[in-house]
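Think of it as A, B, C and D in the order they're written, each chain with its own count starting at 1.
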Amino acid sequence: MNAKWMMGAVLTASMAALTIPAQAAESKLDAKTVEIVKRDFQDKGIAKADRVNQDALQAACSKYQDKLPAKLKAKMEGEQEATIKLPSDDKYMGDWKAGEKLAQSGKGMTWSDKAEDPAGGNCYNCHQLSAKEIAFGTIGPSLLHYGKIRGNSIEVQRHTYGHIYNAKAFQACANMPRFGHMGILSEAQLKDLVALLLDPESPVNK
Amino acid sequence: MNMEINQGRRKALKVGGSAGLLALFGSLGLLQSGLAQAEWNKTAFSAKSMDEALNAMGVIIPENSASIKLTVPEIAENGAVVPVTVESSLANVEQISIFVDKNPNVLAANFSIPSGTEGMVTTRVKMGQTANVIALVKADGKFYRASREVKVTAGGCGG
Amino acid sequence: MNTKIILLLTLTANGAAIAAETEVSDSARIAQYREMISDGNPADFDEMRGEELWKTAAGPKLATLEQCDLGKGPGVVKGVYAQLPRFFKDTGRVQDLESRLLTCMSTLQGLNVDEIAAKPFASEKKPSDISSLTTYVVGQSKGVKMAVSVKHPKEKEAYEIGKRIFSYRAGPYDFACSTCHATSNVRIRMQDLPNLNVKKDAQAAYTTWPAYRVSQGLTRSFQWRLNDCFRQQRFPEPKFASEATVDLTMYLAVSANGTPFAGPGLKR
Amino acid sequence: MGNPMKIRASVKDGVTEVKILMQHEMETGLRKDADGTLVPAWFITEVKAQYQGRSVMEAQFGQSVSKNPYLLFRFKGGAAGEKINVSWMDNKGDRRSDEAAIAAA
């Protein structure tokens, strides 16, 4: 009994001895990675070197390779949800034609873009939207008939706006950028995208 | 200088029927290969529409033909390089021309096929947008055509 | 995979006339396009230019690069790219091809490599010597099986850090390499994206760079490939041949181990 | 004087296949560079291929042929070791001529 217990203790101790250095090595590598990245990236055009500095969400998603533990995920999503600023007029439906143009454009915020160039929505890079555009990406889900399926009640409008504003409120390590939170798109542009998704006349719902 | 004179001669001959056409093809370098370098058909290569190009080449109305195999990609990932193969099972192919109907200059290339050379050619053309690639084949003095659409897509992330 | 190839061959052989009547996915159509342009690679011209530069005396020391040690001894170019990046004793660093070429240009030719590293990529107006040299050396590994080592502790560390950089999310869009390259069977717009965490995809991607880029009319190196990925990730610019880029290259090169190197490639 | 071409020719069953890759910008004259200035037209207009002094292909190109033009054709005859000569001329009068030996396929 005693001997067995002792053996168990020895085993546990030696396992701990193995895991602790392994964890230490891991976090040492994590730290060194950050150090190297901070040293080896430089300003170019509008893309300044400080862009490699991570916020809490980016750091957590990187560390866990986008698979956050449930508790942390819920906490992060809560924090992100708090960032969403709905328009003060509570109006969401812009111009779907302008939205379609935005959706087509993959431009914006790279070092080869100029500060004054408006960013595109990059939507078609990852999503199917209208039936007639065959060059669409599949990184995100298809949004074809988005409004036709959901309708365009004020609740749906608010939710859609919020999702584009900060997708991380709904899925902490989502691939989708936080278009409103990070200042990529203006309020008017976000409304144009809401219209593209929800307006019955939009090609998305044809 | 030479080119100008030929242009004039071409115009004069256009009304002259088949004899005129024969002379025209001569001027395209088909009959007298030695003269080819002076005979780059400026009017045809500057043509802005299919009608204009065919007119400049002295072609009346070519027939669609199943004996021309035009191989192009259905979708081109980039319009800068669109591979085109024209192959004909017709006997005595003398000339193959490739057009892109929506390009600023519709005639892309013209090939004179000497006897002993097979009636096929592969090359690569630029396409500004989704358009039809048209192959024109002259065999035994008659013109035939084939046409296929190539979709030119937005490549990459568009950034 | 096999069916895809057979389908493709059938398409090419029978021509578009038959293709039109067959139900083919857009990806298969793109594959068909790639197959059709695969012959006659203008990267050959960059290889020729690079070979000329390799053998031409240059720099304050008026020396050629023919004594450059790329890992298999001075002057050996055959097969070296299939084993890069690797640890070099003389510099005490893990180096990729471009980083190592900079070392040789500095030590053998006495060139100012900071100047070279500041403007390393070709433009439509000006070719890049280091890029052409890279194309030449890379071409000498065509058909050679990828065998990048992680035996040396520094090589192992470079691999581990590269793996971490691969999933390092930052910038205004929160993107990492993994945002686009850690899922199978997805595409951006019309382009299929390789899942670089999967061996088969990593092999197909890594072994076809450098490549002649049809859309730019230029031959591009792997350093350029990484540079332009970071641009589109909305990152600041990675310093040319820096440790961050070498480590990331290490991660991707090791993932490609075991398959013959096939570059320089030809891409849209 | 233009840059060298890559010419590959191989003979099989009495038919020689010729693949030519030319180095040329093939500027349409319609493209603007990064500064917004129009890049003048500059493209190959004529290509000739000869085998034993006889013409086996003559091509005239317009602005729509891709940068670094590629050309493939086949002719009857040809034997391993024999030469194929290819020459081109562009709209500025620049010329280039290269030779390659036919290989056995």
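Note that in this section a contact is a pair of C-beta atoms (placed from the backbone, for glycine too) under 8 Å apart; a residue touches a chain by one contact, two chains touch by 3 or more.
The model shown is predicted, which means the values in this text are computed figures rather than measured ones.
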Co-neighbours of chain D and chain A - touch as defined: B, C
More contacts between chains, B-C or B-D: B-D
Whole-Å gap separating chain B and chain D, where each centre is the average of the chain's CA atoms: 17
Separation of chain B from chain C, taking each centre as the mean of its C-alpha atoms, in whole Å: 38
Centroid distance [mean C-alpha coordinates] between chain D and chain C, Å: 29
Separation of mean Cα positions, chain B and chain A [Å, integer]: 51
Of all residues in chain A, the ones touching two or more other chains: 106, 110, 112, 124-125, 134-135
Chain B residues counted as touching two or more neighbouring chains: 80-81, 83, 85, 124, 153-154, 156-159
Chain C residues counted as touching two or more neighbouring chains: 26, 188-190, 217, 231-232
Complete list of chain pairs which touch one another: A-B, A-C, B-C, B-D, C-D
In the complex with chain C, residue positions of chain A that touch it: 29-30, 32-33, 36-37, 39-44, 47-54, 57-58, 61-62, 65-66, 106, 109-112, 124-126, 134-139, 168, 175, 177-178, 182-184
Chain A-touching residues of chain C, taken from the complex the two chains share: 26, 157, 160-161, 164-165, 167-176, 178-180, 182-183, 185-190, 193, 230-232, 234-239, 242-245, 247
Touch list for chain C against partner chain B, complex: 12, 15-17, 19-20, 24, 26, 29-30, 32-34, 36-37, 188-191, 214-215, 217, 231-232, 268
Chain A to chain B touching residues, read off their complex: 104-108, 110, 112-113, 120, 122, 124-125, 134-135
Chain D to chain C touching residues, read off their complex: 3-4, 6, 19, 21, 23, 25, 33, 67-68, 70, 72
